[in-house]
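The following pair of complexes shares a single chain, chain A, combined with chain B in the former and chain C in the latter.
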Partner chain A sequence: MENGRKRRILQSKVMIGRLGLSRAAVRGFASAEPAKFTVQPAIERAPTDLLKALSETVGTDPTAPHFAFIDDPATIPSTASAKRTYFMAKELGKRAARELAAEWPTLFAFDRDQPRLPVFRPENLPDPLQIEPTEKNLLRMIESREVEDCCLLYERMRSENIDVSQKTQLELFKLVAYYNSSNIPFAEWVEWVGMRNFGQNDKAEWKAAGVADLLFETIPRNDETVSIMIAALSKFGENSKAKALFKEHTEAGGKVHIEAYNGLIANSDFKSALDILKDLKTIKPNVSTFSALLESASRIGKFEDRINAFTRIIGEMQALKIEPTLTTYYYILKNIIDSKTQKLLNEAKNDESEKKYHNQIVVSISWLSEILDKIENKQLEVSSNNCNVFFAEAMGVAYRGANLEISQRLLKIYESSNNNVKMPAFTTESLFYNRYLQLFIEQSTSIEQIYQKYKDFVPRLVGVSNSLSGSVYRKLSKEAHWPLLRRVIQDGISAGQMTTAMGEEMRKQLIEVQYHTLSVNERDEFNQLVQKLVSTWIEFSKFTEEYAKRLQRKLSPSQISECALLLTRIGEYQKAFELLELLLDEEASHGEESTVLAHGYARPHVMSALFEDSLRRKDSYAAALCLQIMSLHSNRNKLEPLANRIFEKCSLTESQQKIIQSFIRLRPQ
Partner chain B sequence: MLRTPGISACRQISTTSCAMKNKAGKHKSTVNRTQLLTYEMAQKPHHIGVRKSWLTWHSQNLEEFRQSQPVVVAQDEIIRRFIRGFFPQNVVISGNELVIKRRGNVCIVAGFLQYSRRLDIRRIYWMFGFAEEFLSILLKQPVKLELAFVETEDDVAYNYI
Partner chain C sequence: MHRISSISLRQKSTLADKLRAAVTGSDKSKQAVLGSLTVKDDGGEDFRELYTMPKRKLRGQLQLEQATGRAEVKQRSRMDINDRLAVRQPRSEEMNPDQEWSNVWPAARSFASSVVPLPVRMGTRPNVDKRAPFKKEGNLELVKIPNFLHLTPAAIEKHCNAIKKFCTPFPPELLADSSLQQSELPITVQYNTYIHQGTNIRDIRSRVITMTIDVNSLKLSESSYNKLVRLAKDRYDEKSGLLTIITDRCHTRKQNLEYAYYLLTVLFHESNKLESWENLEERADNLKVNFETSQVRQKLVDLIETSPNSQITQEKIDEFGKMWKTYRNSEETVESTREYSRQIKSLLGIRA
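This part shows the complex of A and B:
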């Protein structure tokens, strides 16, 4: 076969030589065998394979804003609270539109969709007081989990003597017992993500003599219904009632399900929990049982006993070959450090409490290290609704233990492809990354690495906050890094830090910048930033109109002196001294339209720097202005040498010298 | 009775031939060059196919996403009118310069809005959420807004004629 092919190629080459290319082509086509096409079988792919491949190649850009926000510099939020506000605003807008469409569906009848899509046809929920009181309607409501509506309809059916079958009653009982006859909590809202993540329910108490109690009395008692009732009572804090019911049922020879045991265990103290556990003879405990047991063990006051209990529980799980989940680890890490010790330490530091706290941190770090050993390289799946909090809690432990290595391991596990447990953005995830970034900033020695990390995380994953900016500024005080400083200040501007205490920190950091060490481009950036900051502060001080008064932030004398110094650094001498003149202007600090605070004083070291700068430029007016400002809070002895320096450096006329001398003489000694 | 004395009836009928001049896509210039043109407006009619073709890339010629042309035109008109009516203080160039993109079954509205007097970002987010959901329900397909903000209308100016 191979030889035949070679021969044919050779023949064709010879032919091309003899006949020319075009003729050879014609002859070749005429004599060739019909070409055989084989269609390759299609590679079988799942519907999302292509998307997965794309996402692996493209990845997420951590520096871009979250997709939920309007991608425009003016509308991208940078603080955690702004993210929450904007997200909720958008969601509430959507809800308003949905309400409209549900109320007036005929106005939205641009019906060109084939097939009809019910998702674009929102409907109002049926009113339980208007709807026909049938079992079918009740079941439909149960299915849509409208708990309070179900209760209303059921009560209406009872008052109208309409029979409800046992089966429906059981279904209703399951629903109302689980949700305590109230609507489902925000955490279970499916459609509205913002409400799910940001909404907070008050801790509910069991509704005594409610529909659940009524149904429990109506339907026949068996293991299932009693178990449901016990679990529900335990869930809503009716521990004594749950225990009494459990006792009553078991004494009558009944057996309750594992969920009821879990509820009872979680609410009991550790000793009683162990007693309940001993009753589990025929039923095998599950992971939730051990989570409940850990919850009960967390109430043990003494640290050593608590650790012993945790060890015993984990040992028992190993003996029963039950794999601990992230929820299990979450309960351990959450309760390992004594909240009391921490509180004591915060209130009054003493050696004993410090030692105790340190010991607890060491133990918790070693537990965390072992947990990480176990979950590294393992496929992590969602096991309960709070298992994702494990990561945030573990990062909290690493942060308190100031252990960067552990935190990096944890981050790697969280971001690996083996992990399918993701924290909700803006809430828990933001907390997780915030703790990591704070720890990294505090522990890392390389300012360049801090800059890179900061750029990666802020503001997308971590919101700008005073504590975060503060820790970066502390690092920058030790080692200068212009790009990082510029970035932190710019983030601070968009986070509204300019008018808070952080504004002072910004000025302090900018004054400390060694201007001559910056490159040409960096100097440009510095100039622009200073101009922007100073003009914004001045603008804030000028909101003197009645309607804008609440926005006004008056300039303080120290702020004016610092701004003036910054302006002189960038060569804006005229602006700087115009600003300084405000300090001597009575009208600027008094009256309805004042823009300067009446109290406070210009910073002495800033004023002396400005004074020196004026002397260097031999600017007698500027030097005299500085002297006049310094005279507000200095006595004659301090001012005299300064006046003499003006006479030395600047060429003054005799009358000018006399004016300054008499001015100094009039100052108090 | 109402005839103006001195003007005969035949003068009211124009008998001159029309110039057949193409005026579409051409903007009349002003004496003091105050007529604002955006980049899109500044393109001459013969450049449209070359420089503005990216505005018409869409998936309406793909089998699964095809809708009849009148529906698309109606949708465009609905979207434009809604955006103009809903953001009256924010639209630039009277809302004529919106770009409506169709990708799959998604309809994307792109363009510029201005801050007007002040930018209440919370309010803007609420309005974006409302507009997206309202149009989605109305058109029975996801509608997304990709509107960016400029401070004033002048920021979108490419040329003044």
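This part shows the complex of A and C:
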């Protein structure tokens, strides 16, 4: 094998082209004779049609993780943050490798093939301070959209008095104005998906007296350059400057392009936006103009006025026969419900604000229903960079309106083959499905359906979270369903919920399980789950060394009592009572090596359940242990009947009875 | 299975301990105090034991005891606890029995025990009757072998149905008469495709093209045929009448295929050309020994002329000529020599 490397070779000997070549052969050598057989003309197909047809045979696998992750139990992330970490780790590793390969290309020369593959020889970007200051180099940099490097090189060329042609200056101006003389934002990184979706840029402010301003002064002013400048200023929040420039230019008799109008409209209040719109005499507004108008309408404070404005805008679009896009709908849905009303409702519930909020929800749901009627069965195409957020926003409205039917319609539209607008996974898409799943769990009456849905969505589309698990637990406390409970608890374990408040919920749910109703297999699963949980909690409590203290989660008395109860349920009496003895051990709760929290108390109902259990087994020692633990927080009057029950149920010697009696007598009255 | 580690307890008597003590009559705390007996010899010296082995248990001994369950395994909390907890259950556990397998395993991939819901086993053990081969979890043997889990009959059927729309019917005439294939499709092209794991998917050997052509189908004149045979050298197999062109000088398969066609075209036209110097061809230049211009024929003709009574006729000479041609142009064997002798004798009328 080549280079002694182990290679697996599947050798396939293929005989091809008998039919295809026959035509050539017949034409070349026997053209006089008619062909003795007919070959049907090939069915025309694009280069990827065959692959598409094959890929259509593959559906979704609900148990699989997202394709970006390694399909192994240890590498399938359960939570949204784990997904992000795994994905970014993968991508940043790749970037680091790329960086090294660009720095020392000969060490990573995997291009044994002829002709060479350029991807195996990555090149470092040219340094603007080292590179020859020529116009050609500048143009090349502009093409690769290295904005800051372009600025550096341009400034260097100016300081060295090298002429730059008007055309190049215009190109540079377009670039630096659009990007505000800074490098392209993460949202536009093409190759690095993780950075594109997770990277967050600070809100940029216009760089005054930067290269863009400098170029604007240098190049001749015309409609195009002024429009670019106005659009750029509006984009980066320099509203007053943009307006002044617009005024100046229009007064001088110039006309600006529609993009500049859009920028101005988006940043103005609705009234002045309408004024600007009136200026559009010869220019026809486009969808973006209306999106900008909706954006400005969203700033109207009063709910009724805002709805009126939206209605007017949509009416105007219909009159002009402009088809609204998902972006248009996104702006409407995002701004129907008052954020103030919602805030008020969260802070203090009163009838008035509740009514107001309810009204707004009803209106937004009816708008959403209308929108869905329009986009159902329609081919949906990408129209702008935020049109995909429509789906998440719409699902949010459906969730707030608790309308399962609308959400299911929306999901169907999103997943249909007509829809080419996809949300980025792990961020918006995960939010969309999370809202849907939460809504489904809350609204669905069938626990079996919830189980199926939960299994399909978690963790593939929706990460495990406290709120999600919480809503499942709420549902489970009304109706028991062991497979769902097991799945939610296991998800909780892998999502690191054991040491949070959800750990308590897990114990509560497990205690509520009717052990006798489970099948043999299910009992086995129950036993294993309890063993795993208890051993993990104990392991967490035993990080007593100094360097590991940050990991330690001490056992609380209530936790110990609940764990002991769970252990007795699965027949681990010995371990249960060993655990309970910790509550009486002072060394366990005090000092450097302590594993039990000093404050708190064992749950009374759990202790009485344990006590009853030991009486049922006629285990006087276990009952005495329970009695002693209960005595920590109760008085003699309450303990005496318990002691009497021990005497009734268990056969004690006289001296033993005496010991118990004297113990009770010493308790406070 | 998770084991619950022992919980350290202070030797303090609880109510339960006291109850126990009341029955057994012994107190743990008193028992714990045990004085060590020191032995002194006559001279009042301490008895010093001979050192044979350390009194503590050795590591191997402890491990053995732990493995056999005689000693308690002391479990320590390990720092990677969160990573261990993040490991999910194998997803094969929650698969529906009626799921579409081709969705789970759509393309070729190495075996993954967490994905395949089959209780497969692989490997060898000395006594298979006593212990079954290793199970799938962590079994490298299963990863090493190629699997065809993506090529289940159901998956292949799906693929076929999906690409059926791009297929045209096979020529029915060819199905009816397979000999047509030989006469109507004289060119065959062969190449190999290599699939392997590596830094890239290309393999330099896949560029090679082998083209075979049935020379008879070129319908060449005799001189053109002779010229083609000379030009093709050992690429032409006279027995089967097939010309084989192997091209590998270009980078890609497509280029090599086009080059093979180019070679064939050039060869064909070059063979059909007649250069002026080709007229200078002499008998010695022939590829095969020719009977018509041979001395044997001349001698036989002379013989007929000198002895008019002989029974040698032109037909007989022609028949002899055929045999002579094969005899001279092929490797000499005993049989062919005998045949030669038989024919010459019958021609000359000599009795054996």
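Following the convention adopted for this analysis, the second predicted complex is superposed on the first by the 628 of 669 C-alpha atoms of A that agree within 3 Å, B and C clash if a C-alpha of one lies under 4 Å from a C-alpha of the other, contacts with A are read in each partner's own complex, and residues count from 1 in each chain.
In this section, contacts are C-beta pairs under 8 Å (C-beta built on N, C-alpha and C of every residue); 3 or more make two chains touch, one makes a residue touch a chain.
This one's a predicted model, so the numbers in the text were calculated from it and none came from an experiment.
The wider contact with chain A, measured as residues touched, comes from C rather than the other of chain B and chain C. Of the two partner chains placed by superposition, A:326 touches none, neither chain B nor chain C. Touch criterion not met for A:394: it reaches neither chain B nor chain C. Of the two partner chains placed by the overlay, neither chain B nor chain C lies in contact with A:294.
When the two structures are aligned on the shared chain, A:101 is found in touch with chain B, with no touch to chain C.
By the touch criterion defined above, A:41 lies against chain C but remains apart from chain B after alignment on the C-alpha atoms of chain A. With both structures placed on the common chain, the touch criterion links A:93 to chain B but leaves chain C unconnected.
When the two complexes are overlaid on their common chain A, residue A:437 makes contact with neither chain B nor chain C. In the superposed model, A:71 makes contact with both chain B and chain C. Once the two complexes are laid over each other on the shared chain, residue contacts for A:368 go to neither chain B nor chain C.
When the two complexes are laid over each other on chain A, chain A has residues 71-72, 74, 77, 110, 113, 117 in contact with both chain B and chain C.
Remark: chain B residues 67, 71, 74, 78, 115, 119, 121-134, 136-141, 145-149 touch chain A in the complex.
On chain A, the positions that touch chain B within their shared complex are 70-72, 74-75, 77, 85-87, 89-98, 100-101, 108, 110-113, 117, 120-122. Only residues 1-10, 12, 14-16, 18-20, 22-23, 75-79, 81-82, 85-92, 94-95, 99-100, 102-104, 106, 112, 114-115, 146, 155, 158-159, 161-163, 165-169, 171-174, 180-181, 183-200, 202-204, 217-219, 251, 261, 265, 268 of chain C touch chain A when the two sit together in their complex. Those residues of chain A whose C-beta lies close enough to touch chain C in the complex are 5, 7-19, 21-22, 24-26, 28-30, 35-43, 45, 49-50, 53-54, 56-61, 63-64, 71-74, 76-78, 82, 110, 113-115, 117, 455, 459, 487, 490, 493-496, 498, 528, 531-532, 534-536, 538-540, 542-543, 548, 551, 567, 572, 575, 578-579, 581-582, 584-588, 620-622, 624-625, 627-628, 652-653, 655-656, 659-660, 663.
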